[in-house]
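To keep things simple, chains are lettered A, B, C, D and E as they appear, and every chain counts its residues starting from 1.
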Amino acid sequence: MIDRAGGVFVLPVAIAIVAFFLIGAPSSWLTLTVAGLSMGLMIFLMASGLSLVFGLMDVLNFGHSAFVSFGAFVAASVLAWLGGWLGADSIILNSLALIAALAAAIVFGAAGGWFFERVIVKPVYKDHLRQILITMGALIVAEQLILATWGGTPVNVPRPHFLEGAIILGGSSLEVYRLFAFVVGALVYAGLYYLLNKTRIGLLIRAGVENREMVEALGFKIDRLFIGVFMLGSALAALGGAMWAGYETLITPALGAEMMVIVFIVVIIGGLGSIQGTLLGAIVVALMQNYVGYLSPKLALASNMILMMAILLWRPYGLAPAVK
Amino acid sequence: MNRTLSVKIIALTIWGLLLFSPFLFQDVRQVEVAARICVFIVLVASYDLLIGYTGIVSFAHTMFFGLGAYGVAIAMKQGDNTWGYWIVGALAGVLVAAVLAVLIGLLSLRVKAIFFAMITLAAASVALVLASQLSSFTGGEDGMTYSSPDIFKPATKLLTDDEGKVARIAGVRMNGKIAAYYFVFFTSAVMFWVMLRIVGSPLGTVLKAIRENEARAEGIGYRVVAYRTAVFVIAATTAALAGAVYAAWLKYTGPDTTLSFAIMIDILLMVVIGGMGTMWGAAIGATLMVLAQYYLRDLMEVASDATSAIPLLPELLSPDRWLLWLGIIFILLVYFFPAGIAGTIIRGRAK
Amino acid sequence: QDGDPVKIALIHGMSGSPLEAFSKQTHTGFELGLEYATGGTMEVNGHPIEVIYKDTQFKPDVARAVLAEAYGDDEVLLAVGATSSGVTTGMLPIAEEYERILLVEPAVADSLTGPESNRYVFKTSRNSSMDMQAQALALKPDENLYVATLAEDYAFGRDGIAAFKSALEGTGATVVSEEYVAQGTADYTAVGERLFNALKDQDGRKVILIYVAGSGDAPGKLQAMDPSRFDIELSFGGNILPAMAGYKRFPGMEGAVYYYYEAFENEINDWLVEEHMARFDGPPDFFTAGGMSAALAVVKAIETAETLDTEGLIAAMEGMSWDTPKGEMTFRPEDHQALQSMLHFKIRVDDDVEWAIPEKVEIITPDMMDIPVGREN
Amino acid sequence: MTLLSIKNMDVSIGQYSVLHGVTFDVPEGGVFVLLGRNGAGKTTTLRSIIGLWDRPPGSVTFRGEDVSSLHTSDIARKGIAFVPENMGIFGGLTVAENMVLATASGKFDQARLTRVYELFPALEQFWDKQAWSLSGGQKQMLAVARAIIEPRDLILIDEPTKGLAPSIIHAMGEAFREISQTTTILLVEQNFAFAKSLGRDMAVIDDGRVVHTGTMAEFAADTALQDRLLSLSVEGA
Amino acid sequence: MIHPSLSTRDLTIRFGGHTAVNAVTCDFRPGELTVIVGPNGAGKTTYFNMISGQLTPTSGSVEKDGVDLTRMSASQIARHGVGRAFQLTNLFPQLSVLENIRLAVQAQAGDGRRFFTPVAKLSELTARAERYLEATKLSDKAELPAAALAHGDQRKLEVALLMAMEPDIYMFDEPTAGMSLDHAPDVLDLIAEIKHDHSKTVLLVEHKMDVVRALADRIIVLHNGELIADGDPGEVMSSQVVKDVYLGNAGEMA
């Protein structure tokens, strides 16, 4: 399995090389590639929580996008509230404001995830259909709550000065914020990888999805684990939303819903439940979008769909599904 | 047994009310509401064929609905408002829906349910984008208006009295509006009846078997992919027909009346509220949901006014937040009555 | 009959879309407009005015039902609405069917007064042609100007760019490239590279004109790619105030918008700003001004109509001019589109103000523009 | 000494009443066999002991402590292992992973592991395979192996010999005999020959009631009783 | 000699590096009941899976009455008259017992494609389904959902489903596993009855030696995927190799 899946991990490299020759202009290629990679990691942040919950717990959470939106708005509010720090001339204060905003989003996501698992998802484990339905209901409620709290008008997201602007390298421009997003995404990936592959938690959860009763009969409190995973997934979504808010700088309550289709596509392309797959899917999607957008804008919109269909025909379970 | 009967009685009462509604409630809004209920009963029932009976989760149902509606809209806009163009448009829409359903079905009904759901979601969003981008043809985001056959025009006199004016029966003017309503009513009723026959037939049992245990159904000799594709096509063409009827009634077709994801969610809500896997439930679910869409808001206005003295409550009961309450009601329904209204009545209290 | 109330329906999306905030602004403006025009009595020529509110839920079919209900059951004299162009398109035939007036505000599309419309439709909101012509004028086009355009790939974007190009015709300016992105695009890197590559080797003034309505913050994304290294300027229209905060990144940028509360100097606007500040603790935004303009039109029409019915109103309104916070507006008799002034602005950043200030350069009056006539009544 | 004592257990599922006042005591040490026809309620009894029904009325006392209101995982942690009728294998996990989850610490006691390998060589052979691909009998072996990989006080086993080849049944019998030196086994079994060879004490359940308790030796000797309670028309090998 | 109704030629399947069934060549004749024995994991179920189309062989072929079944889908094979009951119960859990059986009857009658006649009107279908209910003594549970049956009754329903398919080839995979002693005879009687209809071919996987002795006309032995013995019951069971690999005297397992 592993060695066979190994091949798919060179896919982004292959795409990038082909694109290099098609694009011709190295500076444009570099701009597009760096932008694509960091966009991929931002999408990964939003998608990883979904993939985790979806793949490990077999819960299809349509409400995931609500956490993305909540994360974005909470971070925006904290940043606005800490406007003084943000505007200050000290990098330390700037960073503190940023960290506070991201942390607030994470805490909010985790807390929301706890509530969500207890109230919404718990009764419908193992029942896909009801999961889809009930999480959709929750999505409606969450969107209304966001509307009621923050209103429908777009909210401006201030961001620290040191994340503004671009580094010009030859003829290419590399946005600072994207580089920052790249780093955050890579750190999260490393953390998740460790958690799932180097600890027993991943195993227990997978076992629990198959047969909850048996895991309990073996002496584990599956409830707590599930809540934990759910909180983690939601917190990741919120973090992803917060990062996305910083990228978008102007956000509306529709933000989460707008990102949802791409997030689903990424999770599917990557293969369910595998963090590696999700990262791979996110990067492939983001790169393709940039290259195709440059080479043939008309196709840009369809590129995701075509990519998904093609990959599913080639590998019906996605690029690197969790071994099942 | 008699529990099933009571569900049937409720659903038949709904159809009865729909039959006489122009006479029972004589205001403008109710005709619109009643027509919408008719169309959505068909739409929801056809969707239930997929989700409730066969266990196929598709998000492309609005796409098929839209194909029928757009077929009629484009034909009547490019041509004229005669029945010929309605038929051409409806047939074209149904045909395209059938072809697409076969393609999607054969290509992807083999894959895991969740992948199928995502593929249909992708297809539906492509349809939405196409409708928006081919604006010279489809009217784009704004949709298009056209006129419906002359007999549906409010000025048409179906019956005249001695003075040559529109006759009234029980106070209701026998004009084109009535003709349009009964067109919607009868076409919907026929489609609903056909679907009832389908689920009661041996085919219906096979569909349920596929939902329950696909591999075993294959093992006792049923070609599962063929059956799934067949039911997908049946559902798709029915939805397209419903779209064609709705297009004639509305005289407007646009993404927000046919293709949008919001309608897909409405359909899902209706199926669940009514009860998955019961055709009769579809009628109940569609009715309640459409009524909620039109009247919950008014109801909340009253509630909000009534509680205006109490802090916070009026804020939460603000009519603009009616969707919030609908969402909460929906969650509670899925939680406590997973079988929906019809299913709960049939199965009784015990879980 | 003297003393009979006059009913007016406000039909907007109040739920189901983030755009509901725009509807609320419109309502506020409309109510303030009635208050101003009636001196607070809410009576016109002795007729008390009664406003009925209806929610389209941003669904055309619901909108049609509630509009029909307003005309048929509530018997309103006229209706005002709606928020999005699609919903409003669906409502047009109902006005014709019931032979009652539909006053369009704040939906934008040109087509609402186009060939598919009908003589019962009046429109006080500005249309895309106005946006884009004003935008073109704000660029002061001449032979030295090279423009690349960026818009979303659907009717709204394509029509806007077409209007923009027709405004440039005869000025000598060149459009070197038109780029269209899918709606909802969030990453503008690819299209940015294409735009830069198209413009960077021109010699002359190089401008990217952005006409993107969605929330993707296209200007910010392009700005982040540092167009100034190729001497490329960005130009785009104004926005609602919360969004104008993001414009602080573009000091000196010039463009056009149809209202900013400090830009218009007239009695009505002074009153509006003062009252709005007092009641809502902030200045009015452009949908508020739009709502107020609609109310002022309604009151004047009722005041001057010879008979208080649809035909009387149409007669009064065709060619009618009236005063609004945005100056004088006039309903063109041909297609019932109201012509109005636009603001050519230049962005000024003031750290004490939450948003970037679109400072007045010039008011572009209707006679400076050539807005195509949509239909012949 | 009594290890586990069940008193007046009633269970109903939906409108069906399945157990009516089931009462019996399992003494410490040895194998206690629970017999009964299909549908008598044996599985239900085991599931109730380990807490997989919501709080059945009646009491379950383990080492003198009432555990009937505890959560399943807490009951398990008191030292009770459960081998369910459907085996409860995690098909998506490998054999090794299935086994790891049955240990408290995540580490194997090497001696016990070796013993498991001896008993069920197939498990060693398929150690890194996904468990769903095992044969029916191999799954059964895995299920039992999980229960004995750690020391426990009580093992509840539901029909372990179902579908096993005679040679394996034989081996398993040996294993149970060995385990029962140190651990009590509560065994539900249809294979009377197997049960007879292992059991020290026994009870028969019929129609949700305990209809007989006693020692296996007495019961095995009394064919009339067997006939009445179990209708042993096909005598086991 | 009677023509074989079913035969497998060099039937082989590999999973990764593991050969689960290795070049099994065997003929089965109408009127004959063949018991397949072998230690756990010998490949008995896998052999069945290849014949009935749940798995596609790596190489080799399956033929029934001269028709090559090797690459056919499970449903095609079922329609060719090869029926199969499963080792692990495999039913339609939420459908009633009657509906479960009626599905098989309907498939056999080719009625699944009728979409406009209410099932209730097809009384001959129901009547046939009820016959199998009676035969398996499940009549009083006809309206219960299959999921609510106790394990033993589910096994019976599994057998009833197979009977209702009325195939030419019957394949039973441990039909009495987990059945109590008072229920097993019902099922065994049914199998014996099928055997007496001399046009049917029966394949049976079974571990219970008393059952094997009572029913078998012939026994074949699988071990590590290979066919190691084939012949008369008495002979095979007393052969040394079977004692070694299967019956086991003191647990000396390979």
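The rule we apply is simple: contacts are C-beta pairs under 8 Å (C-beta built on N, C-alpha and C of every residue); 3 or more make two chains touch, one makes a residue touch a chain.
Just so we're on the same page, UniProt names per chain: A, B = Branched-chain amino acid ABC transporter permease; D, E = ABC transporter ATP-binding protein.
Please read these numbers as outputs of a predicted model, since none were measured by experiment.
Q: Strictly by the touch rule at the top, which chains does chain A share as contacts with chain E?
A: The shared contacts of chain A and chain E, listed by label, come to B, D.
Q: Which chains lie in contact with each of chain A and chain C?
A: Looking at chain C and chain A together, the chains touching each of them are B.
Q: With respect to inter-chain C-beta contacts, which pair, A-B or A-D, contains the greater number?
A: Most contacts of the two pairs: A-B.
Q: Round to the nearest whole Å and give the separation of the Cα centres of chain B and chain E.
A: So the centroids are 46 Å from each other.
Q: Quick one: chain B and chain C, Cα centre-to-centre, how many Å?
A: Result: the chain centres lie 35 Å from each other.
Q: CA centre of chain C versus CA centre of chain E: separation in Å?
A: Here the centre of chain E sits 75 Å away from the centre of chain C.
Q: Among the residues of chain C, pick out those that touch two or more other chains and give their numbers.
A: 20, 153, 182
Q: In chain A, which residues are in touch with two or more of the other chains?
A: Residues 301 of chain A touch two or more partner chains.
Q: At which residue positions does chain E touch at least two other chains?
A: None at all.
Q: For a test of understanding, state which residues of chain C touch chain B in their complex under the given definition.
A: 14-16, 20, 55, 57-62, 64-66, 68-69, 71-73, 85-90, 92-93, 97, 109, 111, 116, 153-156, 158, 182-183
Q: Of all residues in chain D, which touch chain A in the complex?
A: 50-52, 71-73, 76-77, 81-82, 84, 88-93, 97-98, 100-102, 104, 106, 130, 146
Q: Which stretch or stretches of chain A touch chain C in the complex?
A: Residues 25, 28, 31-32, 35-36, 39, 147, 151-156, 164-166, 168, 173, 175, 177, 247-255, 258-259, 286, 289-294, 297, 300-301.
Q: Under the definition above, what is the set of chain B residues touching chain E in their complex?
A: 197-198, 200-206, 208-209, 212-213, 215-224, 227
Q: For chain E, which residues count as touching chain B in their complex?
A: Listed in rising order, the residues are 52-54, 73-76, 78-79, 83-84, 86, 90-95, 99, 102-104, 106-108, 111-120, 122, 125, 161, 165.
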